[in-house]
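Letters A, B, C and D mark the chains as written, and numbering starts fresh at 1 in each.
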Amino acid sequence: MKLAIIQRILLGFVLVIAVIVLNFFLLQAAPGDVVDAMLAEAGGGDPELAAKLRASYGLDQPVFIQMLKYLGQVLKGDLGYSFYYDESVTELILGHLPTTLMLTLSALVIAVVMGTLFGVYAAMKPKGFFSNFVTVFSLFGYATPVFWLGMIILLVFALYIPLFPAYGIRSIPEPEHWFDRFLDIVNHLVLPTFTLAILYLANYSRISRASMLDVLGADYIRTARTKGLSEPKVIFKHALKNAALPVVTLAGLQLGQVFSGAVLVETVFSLPGVGPLLYESIVRRDYPVILGVLFGAAVTTIVANIITDLIYQRMDPRIQSIT
Amino acid sequence: MIGPMKQDNPPNSAKQQTPQGNTALKVDNLSVVFDVKGKPVTILSDITFSVERGETLGIIGESGCGKSMTALALMRMIPSPPGRIAGGEVNLNSENLLEVTKKRMSAVRGKEISMIFQEPMTSLNPVYTVGNQLVETIRRHKTVSATEAQEEAVELLRIVQIPAPEKRIKEYPHQLSGGMRQRIMIAMALVCNPKVLIADEPTTALDVTVQAQIFDLLKDIQQKNGTSIILITHDFGAVSEMADRVLVMYAGFKIEEGTLDEIRNHAAHPYTQGLLRSMPELSTDHDAFRTPLPEIPGSVPDLINRQPGCPFGPRCPSATAKCHEMPPMVDLGANRSVMCWLAVEEGAA
Amino acid sequence: MSDTSTESRDAESVIYHVSNLKVQFKLKRPNLFTPHPILHAVDGVSFEIQRGKTLGLVGESGCGKSTTGLALLGLVEPSQGELLFNGIDVRSISRQDMIPMRRKMQVVFQDPYSSLNPRQTAGEIVMDPLIIHNVGTQSERQARVAELFKMVGLRPSQQELYPHQFSGGQRQRICIARALALNPEFIVCDEPVSALDVAIQAQILNLLCRLQDELNLTYLFISHDLAVIQHVCDEIAVMYLGCIVEKTNRANLFRSPRHPYTRALLSAVLQNKNRQINRIKLEGDIPNPINKPSGCRFRTRCQYAQKICSEVEPALEEKSTGHWEACHFDTASPQQETA
Amino acid sequence: METGTQKLTEGAEAGTGVFVFEESTSKPEIKWRETVRLFCSNIAALLGFIVLVVFVLAGIFGPTLYPADPFELVAAPLSGPGEFTLLGADYLGRDVFIGILYGTRATLLIALTATLVTVFIGITVGALAGFYGGMIDNVLMRITEFFQVLPPLVFSMVIVAVFSSDILVVILAIAVTTWTTEARLTRAEFLKIKEREYVLAARAMGASNLRMITRVILPNAMPPLVIAITLRIGITIIYEAALSFLGLTDPDVMTWGKMIGLSRDFFFDAWWTVTFPGLAILLVVLCIALVGDGLNDAFNPKLRGR
């Protein structure tokens, strides 16, 4: 069991290295380099100065050596320097990360919890109204572009019925008391979270409904009933834990995509998260930031996957011993 | 050894000593209908039988004959929709189980009637320990504390002859062998000493040597507790091993019923005769090697597009024009009956 | 049928010679830091199959009988051993040379529901081997398929149907027709009747016997059911945990079984005619083939086990003419009768 | 009776002569025909299919029948629906309806091509990994895992930013980031089907690996794959729209996503500029989902009603 965890973490580490290598080659492929960027900031410069600068940054060395240097640098936590923002990329990303995390995690938690409950309830009466509702809802969830949904929600709940603020994460000026500041942030996050959550909710309720229907046909459910257990006990003890396994797997696999969704939602709602940072950097061709965000997102996914695996192992005893 | 005792030891044959009316379970005209594409299809037609206390009734038939459906109908666990119980009575303790409330029915399940299944691999919940699943059964039907239930669970495992029960109780189903899992299933079925134990192909998925162990265990339990067992199987060998009386099913009908001896030696229905003959048997007659086995031609009818008349008609070697009509159930006395025109003619002659 | 043990055993009459066959499977390891567990599915098995006869392999689940069959067909890679089919070493020949060999050996599997490709019609399924080996013209192939359908008791008009439109017994007939398409000499029947209803079993067993007589086929008949084995096999090998524990002809095995396992297996067979009185009860389950017991692999369930059984593995020895057994003792002697 | 039984030992399937029941005369049903019949009996799926056909026809013939330039300024900026144009105009005065019409062709073309590439990579990798197993499987699955930890949208944004916003790059950026789903699905199907005895039987007959993959296993793996591919088209449409929305697409091509993205700063004043292109996406993808659902039901009639 413990060895399996260590193995999982090691594999994660290997993946991190691979992402860094990929980043390095993308950086190589990108037009221009650090020196070009610096000179552009300074308003141009002569080739001699450029060559000197390149030598001082080690850019004249063989690619392999440069890659090793880059690898070491990133592993130390240094993702490079943004000339546009005039700030270290690591700090820049860490500064934008809390908003993104708040948004994605709350949307994901809402979607998984509610989605599972929806699915269970729908599966209990597979021909009922609610079950059909879940089917239709999930169809729309699949077909709606998240950024468009965000805009429509803004139109309705910020413009026509102005219940919530339309952009940003804090009011200007900020409230004095810390609790009011907290409420202010929550108020700003309601619409974006709702936007993101509703689409994931559609997906999770569909998956958990299908998985629940599957499990309800299993032999051990029949056994539980022949033992005389009450229906709630059959559903919530025997069926739910088994039905939740595919949901957990999916949630783990989808964490990366939640990140993608967050980029779009943050852009629509002008939240100061990683998304707009990435968007801005792409417009400015600020490659260290672009690749830094890619790296950060990948690492987040890797960590999330490890956590998912551990949760899964706790839920399914069959995973622990293979022999 | 339980085998010989059964034959030599009169006290064991409890049902012969007890007076008449010692019926544990009585089933009358049980019918089950499934809706297939909006069309009602009769899966069970007027099944009638009874089980005495301490007796084993074997229900035998080919796949799709409705034997497992009978068991599920007794427990009122027909998947619905598409299935439903269309009529009949299931009497246990002068209570018609088809009419009691759902709540009462779930109290009866596992307490008065228990059931074990063919696939011990999939019949236990993989994500809970054996102990957890046993304890929840105990606490469902008895008001005991968690520790008492735990002790009782260990005791039950001991009864079903599982070595090191204190250790096993903490294990998950996937850590146990098939035979062990079936023992756990039996232990769970025994929690309240049920009057009736339904065993649906309990050994089909097990190896031959383990199969023998499970049958011995079931006989042992029956002898100690006086449980009535309904053994559902496709294997005449298993019926011979366990049953006192036999009920033969075909295409949702009970076609013959009688004591083991009568069915084995004097089967009246052509289907039963064919079934018995077509079975390869260990024989001491070594010249019988590779002599063609008598076969029943064709295969089980499709219940959806069934023709009227005797269900076995199309495959029956003795079929006549009369068999286009449904044959009646002919009573041949003392729990012996057969559904065939041949028996009607014999009775008339 | 005459007793095969008295017949000559020259090379001509032996169709398959197997010696010391071992098959190992490397299992998925639980994590990177432990070595792959090795499953010794078949652990040193030797036998010969006589031309035109049937060798039965009998044993419980996980004893390696199916794996042995697959190894003989070249469908799993043995880790050790000699496989001589018609005197040719199957393991050493090239892939290219194996193709004509395949025509001579075929297989019928247990589950007629999963052994037919659901996307092909019955006719296409039976024709497939002819196409793969490029036999005959299209019209010759069609004639052959029609002939095969008749041979196994199916109507030629049923060629157009898909597998799901047949019953279990009919499906097994299609499998047999497919196996016969290339006129093989040797067929591995891997539990061909276990998944069928009793009444259908008889149909298929009769068909297999009839075809053997008509086409002079050789069978390796794998089954867990001793009654079926007794019905069709000339020679029988009893397997337990990857090894043969007893090997002899049918008469010997059923009249005077030697090995304690064989006797327990025989006594565990449920009989229709009478209840077993003196059943030999085996305690416990079959051990895990990944961690086998030391010495004799049956010792953990054997009532005669002594100290030596855990130390030395008994070899398969000829205890009487044509009767081979792997046991340190002679437990089949008369004292057994009194037990 | 004795003679009766003996007569039957020949193993024929028919009745006994004296008493012959009509044999069921159901005609040999060909599987795909049954599938089509089941599909057509699903009204929602059929409706979805028809709407899709309309969109495809509009994409193919629309620009020919209604020649115009979607970038041309034809009306008063931000004029509403019905004022000058059918569905209104955007902040520069470009016709929303013409944008949608011309966007249909570009959107569908990009989505279909990207899906084809995605599916091709996915099925190839999955089939090889599932069929050969062992080392090949290990290597291919590690590669798949690597691509799975890169968040698709972020990764394709980076690719487009680093290379160029040429249509080909956009298509590749979509394919490279999303093929893993198809690969995993194909591999899982292959692993499942590989265990079936008919695959073993084909090998026993001497079938070559290529034949095993393409003729035996792949056709049986197709039903779930067809459904996945159908759904993938919808996902790709949304995906492409997201990239266009962020401005990461060819500047000379009008797509639905780009229309929404261009009007991002003005939609509080002109709801029609984002609503209609969005509705077009929603409608097309919804219809694809309906078709996918219909296929699912048609391939697995047993699961109907789920």
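Just so we're on the same page, contacts are C-beta pairs under 8 Å (C-beta built on N, C-alpha and C of every residue); 3 or more make two chains touch, one makes a residue touch a chain.
On a predicted model such as this, the values are computed, not experimentally measured, just so you know.
With contact taken as defined at the outset, subunit B and subunit D are each touched by A, C.
Looking at A-C alongside A-B, one finds more C-beta pairs in contact between the chains of A-B. The chain closest to the protein's centre is D, with centres computed as averages of CA atoms. Between subunit A and subunit B the centroid-to-centroid distance comes to 54 Å (mean Cα coordinates, whole Å). Averaged Cα coordinates give subunit C a centre that lies 46 Å from the centre of subunit D. Inter-chain spacing, taken between the CA centroids of subunit A and subunit D, is 25 Å. Residue positions of subunit D touching 2 or more other chains: 9, 11-13.
In subunit A, the residues that touch at least two other chains are 127, 321.
Shown for subunit C are the residues in touch with two or more other chains, namely 170, 203, 206, 210. Taken in their complex, subunit C has these residues touching subunit B: 1, 60-61, 167-170, 197-203, 205-206, 209-210, 224-228, 230-232, 250-251, 254-255, 264-279, 281-282, 284-286. Note for the complex: subunit A touches subunit C at residues 3-4, 6-7, 10, 321-323. Taken together, the subunit A residues at the contact with subunit D in this complex read 15, 18-19, 22, 26, 29-30, 126-127, 139-140, 142-148, 151-152, 154-155, 159, 166, 209-210, 213, 253, 256-257, 259-261, 263-264, 267-268, 278-279, 282-283, 285, 287, 290-291, 293-294, 297-298, 301-302, 305.
Interface residues of subunit C facing subunit A in the complex, by the touch rule stated above, are 27-34, 37, 288, 290.
Listing the residues of subunit D that touch subunit A in their complex gives 145-146, 148-155, 157-163, 231, 234-235, 238, 241-242, 245-248, 257, 260, 264, 267-268, 271, 274-275, 278, 281-283, 285-286, 288-290, 293, 305-306.
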